[in-house]
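Order as written gives the chain letters A, B, C and D; numbering starts at 1 within each chain.
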Amino acid sequence: MKKRTGKGYIINTAVIAVIIVAFAFIKSAFGGNEQFRLIIVPSLWQCCYLIILAASLNLILGFLGQLSLGHCGFMAIGAYAAALISLAFQRAGVFTEKAGPAFVLVLIGCILAAGILAALVGLLVGIPALRLKGDYLAIITLGFGMIIVNIINNIPFAGQEGLSLGSASASLYKNGLGFGTASKVTYLWVALIVTLICLTMMFMFIRSKYGRAIKAIRDDEIAASASGINTSYYKIFTFTFSAFFAGIAGALYACANATLSTSSFAFTNGGILNSTFIVVMVVLGGMGSLTGSVVSAIVMFFVNYQIKNGLWVKSLPGFLGGIFAYPMLVYAIILIAVIMFRPRGIFGTYEFSLLNFVRDIKEHRAKKALQKAGNKEAKSND
Amino acid sequence: MTESKKPVLETRNLGITFGGLKAVQDFNIQIFEGELVGLIGPNGAGKTTVFNMLTGVYLPTVGSVILNGEVLNGKKPHQVVSSGVARTFQNIRLFKQMSVIDNVKAAITKDIKYGMVDAMFRTPKFWKVEHELTEKAMDLLSIFKLEGKADQLAANLPYGQQRKLEITRALATDMRLLLLDEPAAGMNPTETAELLECINAIRDRFGISILLIEHDMSLVMNICERIQVIDYGLTIASGLPEEIAKDPKVIAAYLGE
Amino acid sequence: MSTFIQTLIVGLRLGSIYALVALGYTMVYGIIRLINFAHGDFIMVGGYTMIFTIPLALAMGLPAWTSVVFAILCCALVGMTTELVAYRPIRKKGTSMTALITAIAVSMLLENLAQAIPAIGPNPVVASQIFSTGGFSIAGVTMEWTTVSTIVISAVVMVVLYQFTQKTKLGRAMRCVSEDKEASILMGINVNRTIVLTFAIGSGLSAVAALMYMAQYPKVYTTMGMMLGLKAFVAAVLGGIGIIPGAMLGGLIIGLVESFTTSYVSSSMADTFVFLILIIVLIIKPAGILGKNVGEKV
Amino acid sequence: MKKKLACLLLAACMCLSLAACGGSGSAASATPAASDAAETPAAGGEITIGTISPNTGSLAAYGSAVTTAVDLAVEEINAAGGINGSQVKIVNADDQFDPTECLNAFNSLVSQGIGLIIGSVTSGCTSAITDAANEEQVCLLTPSATADSITTVDDYVFRACYADSFQGAIAAAYAKQSGYTEVGVVYCAADTYSKGLYDSFNTACEKYGVTVKAVESTASLDVQDYTNQFASMVKAGVEFVYAPYYYDVIGPYIVTQARAAGYKGIIMGADGYDSTPDYVVDGADLSVFNDVYWTNHYDPADTSDKVQSFVKAYEAKFGATPNAISALAYDAVYMYKQAIEKAASTDATAVRDALADTSAVYTGVTGTFSLDASGTPTKGASIISFTSEGTTVTTKLVDVVKELPQA
């Protein structure tokens, strides 16, 4: 058992190292490439915050078994907090341009602060809200999500206009932590590492007493409390923990988009970034599978991106093209179909693990080798 | 049992009312160390309601529950568990989407001495505690010979083993008093006999007290040292099995006269 | 004083609409314990049906509001189809959470399907005048007949629904199903048929709500059901979901809260207060104002 | 285990197929793009202009207004021999009325080698791409994003419409000119356009010595009851209310409810009021629409040749009267045409320099104008009023304001 965990560390670390090296290589080789700069890097940024968002909601939805419909509210708090703090630092003269160690420190500080602030609000919301469950919890979280957005709209220094006074300027481009195309490439490592750390933290959370406790609550709350699990503590804790990551996702969103508008954090809107759609991602990926959330966030982003911008969509014949003009319609049908045939999502509760993956491959090879040997024997016997 | 011992659990005039309906009234029971007490009564007599009051699921309207001199009234279910009372349910309530061993590990809440930081950074302390947990859980599972199924989903176990797993999970809480709610429901006579044996073995091994609910009287007669009978929320008899068997009130309640 | 009355009237106007919509929500929730998120979109279906059938009704020499008959039929049909195609298969398999998510998916589907239909499209449509204007005056403020009739209709619907569930055979069957599905089957109740009929009635009601809504707020658009449905649902929960008089009470409270915050507190924070009221009520009385607290059976 | 493997396989297949689709998509887009960018506008070649508009989502109506008008303009240009002998090709991208999607659409267009972009329609979306346009050195010409901060000196961003500060100030000036010293405002706090106009109106009122006596707002554009807001206006005793909303709120809700609440004064709005007559309640008493004024970019009833030929051509092609956004998008295409002809190149920097020339005069449907140093047209605003005899609503040109009056 112990040996296996050791092995797991080595394999995971090795793979991460390989990915980082490969990435550094790709970046140096293709850094100047238009496709890389304009398509791949921004897409990666968007995938990063969608992944964190979906995975963090899965903690509540899939592992704790409670439906929260206001997750984007926490993301909004993270986004605005990070943006405002970075602007404050810039006004205070801590950094003047988006480079140098001071900026990186501020950036990391902002991301952390965004998470912490969102977690605090999560705690404040969670304490009353989690006294309710099921449908009531769903509606009350939805209410909180709307209140958060409504309040941000009415704060004079945040608000609808994207943080600058009086107009809808892309203020975060010039000031604060908003990234343009070039700095998105430069600071891609921040997004990737933050995502990796967040995912690792969530995995660690799930594979510990916390994970066991909340899964027990999901399966049977009464039995969980009769087994000595302090259900309200774990529920509120998980809610707060999840809000923390939603806040971090918000900070990454602020970096990647450089303009903020509260309509992006609503209960529903035309795009794929809203509380409803994050729920869709989690359900499709698998309630109770972080792997599922990661894959589903990437796939959903990719499909949506391709439908909007892929040239192949425009060359589709009339009928299909017509369907793709309303992607939300397609998603709704897919969602209903998935719930019908796989009520716990495509991945169910499956988790991808490098260690097991390697083991499975080895077993598979061993089996094949055995088969081969068997065949040979059979032949030689002839 | 000698009466000079202090009772592990004691209730005083316990009663609960649901919207005018007096579900249980004046319920008094004393359970001593190492004792196996049966609580019987016809369907709907209020047995499970008593359990729910003892474990903090329902708040009693009147009276008090005292465990080793400590009043349990108003405590939340998980606090009652940490005071040393664990239970099983009439309709099995397992953590169905979790593995068998995780079902047991989830209930070991007392020995976990690591926090968030240890969990996040996988400190040596975390591994040490987790290994101890696994060992303890496997040890408990071996009582009912479930260790071979440790990695299976609880939902996939056959009915009889689900019952056993539920008892194992209750044992994992390190309790002093175990409340079993119709543990033999839905089992055939052989399984029942085997289960009763196990219950006896558990009591001897852990030195705990057990309160057992059953509506089948013949079953409890064999293993319980004392029996209390309730009907319509009222205690109608209490005493040794042989006394109960002869009690005309009990016979009347069961035969519906 | 006139401001107060004006605010009160606006509150009643909004509240009566919310109440009417909430009745449909509560009806369905009472039977199958499902927040039918698509209920708001049934109102949109009803709205568009009337937009298309009002000319028809006028051509037949009937008053415009008679087109509500078509709307009721259409909504009931959509409601029953939704139940048969989406909710029923999932109710058999999934948990209450998957059912809720399905409801959200159906809502998304209806909204976007409507946009995809060329005759509807994403642009809003404005309905023509349905009732003639007019009203009576209190302290210099006009109370419109439409508002009065909405309140009256809500009250009548409430009473009829209540009597229906109490007195008729189908109503009793509905109550049985809501109490215990398995036992109802044993009692010879056709559970599936009862649920479908509940959906038909609930959705048909949404067409009536659509009529009264359009009479006062004549804009029809594909996402119109979203906020309206949400607030009506909040109203149903506030009053105690599943309880028919609760829906009426909750609807009026939400309407009044919205109106009075707009007038006296802050006009841009009205929604915040609506949800705040909900949160406060749920925390104090988790089953709503008229609801009874029922613990989970152990 | 089998199930798990099947799952993994399924997911892998999904990813692979998607990657394949994506790969082919981007590969297909990459090849023509690279060659396009290098191409000089030789006669018979092709000039590609990108457009970004909200084709789906809640403002899809604006999206179609832009795409139809651009199609019309391009068709006319190509029929007349193109620009410098090159045919014009349009590549459209959808922004769903969402800043993130807008940036994605922009990046996608730029990666296809497109250096001249028309878009986006709303201020919120456009401000998400202005700095990206400067960074990528791509010309961005927005037909209708009116927020002040969109254009700045020395950048690649231009527009075909005037800015909010002008539009708000026109309204304030009109209030003063009409003799109102106390005014009220009702606006939507959650909408960039509405809030922006309110701010500029407010600032201008201060400048002109007009007091903003009462301010009321709504939390979202989904609000359907405005009675209380206008009741407050009545209470405050103002007889001129600035209400910057869109047509679908003005027509069915605001005007009727304001009158019902006892407000009898002037309601003034901005270009969002365009198309209101199509969104009024048939059969209701429409005389309430008298005394409603608004500022617009052009008046479709204008008798000038330029306007009439555009309106006629548009009506012939699409069967509807073009709104102001269509007119602006149409003008934007012709602005590019003039700039490309002047620069004799399709290179984004050269076109930018041509557009930045403040002496160039553009004659379009929305007036004859030149751009100021920041890239915003200096042109007049039409003040239009609704008139109604009771059953229909028509528009009437009240005044054309060329420049702001002095304080």
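Everything below uses one rule, namely that a residue touches a chain if its C-beta (ideal position, glycine included) is under 8 Å from a C-beta of that chain, and two chains touch if they have at least 3 such contacts.
Note that this is a predicted model, so its numbers are computed, not measured.
K.L.:
If we define chain centres by averaging CA atoms, which chain lands farthest from subunit A? Would you check?
P.N.:
B
K.L.:
Hey, which chain is the most central one here, using CA centres?
P.N.:
Measuring from the global C-alpha mean, the nearest chain centre belongs to A.
K.L.:
Report the inter-chain centroid distance for subunit A and subunit B in whole angstrom, where each centroid is the mean of the CA atoms.
P.N.:
Chain centres of subunit A and subunit B, defined by C-alpha means, are spaced 42 Å apart.
K.L.:
Could you work out how far the Cα centre of subunit C sits from that of subunit D, in whole Å?
P.N.:
Distance between chain centres, rounded to whole Å: 36 Å.
K.L.:
Roughly how far is subunit A from subunit D, centre to centre by C-alpha average, rounded to an integer in Å?
P.N.:
Using C-alpha averages as centres, the distance is 34 Å.
K.L.:
Express in whole angstrom the distance between the two chain centres, defined as the mean CA positions of subunit B and subunit C.
P.N.:
Taking the mean C-alpha position of each chain, the two centres sit 47 Å apart.
K.L.:
Would you give the residues of subunit C that are in contact with at least 2 other chains, written as numbers and ranges?
P.N.:
Residues 115, 223, 226, 268-269, 271-272, 298.
K.L.:
If you look at subunit D, which of its residues touch at least two other chains?
P.N.:
56-58, 189-190, 219
K.L.:
Which residues of subunit B are in contact with two or more other chains?
P.N.:
Where subunit B meets two or more other chains at a single residue, that happens at 57, 89.
K.L.:
Applying the document's contact rule, which stretches of subunit A touch subunit D when the two form their complex?
P.N.:
Interface residues on subunit A, with respect to subunit D: 34-35, 38-39, 42-43, 46, 150, 153-154, 159-162, 164, 166-170, 173-174, 180-182, 253, 256-259, 261-264, 269-271, 273, 295, 298-299, 302-303, 305-306, 308-313, 325-327, 346-348, 350, 352.
K.L.:
Report the residues of subunit D in contact with subunit A in the complex, numbered from low to high.
P.N.:
Listed in rising order, the residues of subunit D that touch subunit A are 3-4, 7-8, 10-11, 14-15, 18, 21-22, 24-26, 28-30, 33, 54-58, 93-94, 96-101, 103-105, 107-108, 110-111, 113, 123-124, 126-132, 135-136, 147-150, 164, 189-192, 195-196, 199-200, 219.
K.L.:
Can you tell me which positions in subunit C touch subunit D when the two form their complex?
P.N.:
Touching subunit D from subunit C are residues 3, 6-7, 9-10, 13-14, 115, 121-124, 126-129, 133, 140-142, 144, 217-219, 221, 223, 226-227, 259, 262-263, 267-272.
K.L.:
Which residues of subunit D touch subunit C once you look at their complex with the stated criterion?
P.N.:
56-58, 60-61, 189-190, 216-220, 222-225, 227-229, 231-232, 235, 248-249, 251-253, 260-262, 279-285
K.L.:
Write out the stretch or stretches of subunit A touching subunit C in their complex.
P.N.:
Contacts found on subunit A: 61, 65, 67, 128-129, 131-132, 134-136, 138-140, 142-144, 146-147, 150-151, 153-154, 222, 267-268, 276, 279-280, 283, 287, 322-323, 325-326, 328-329, 331-333, 335-336, 339-340, 343.
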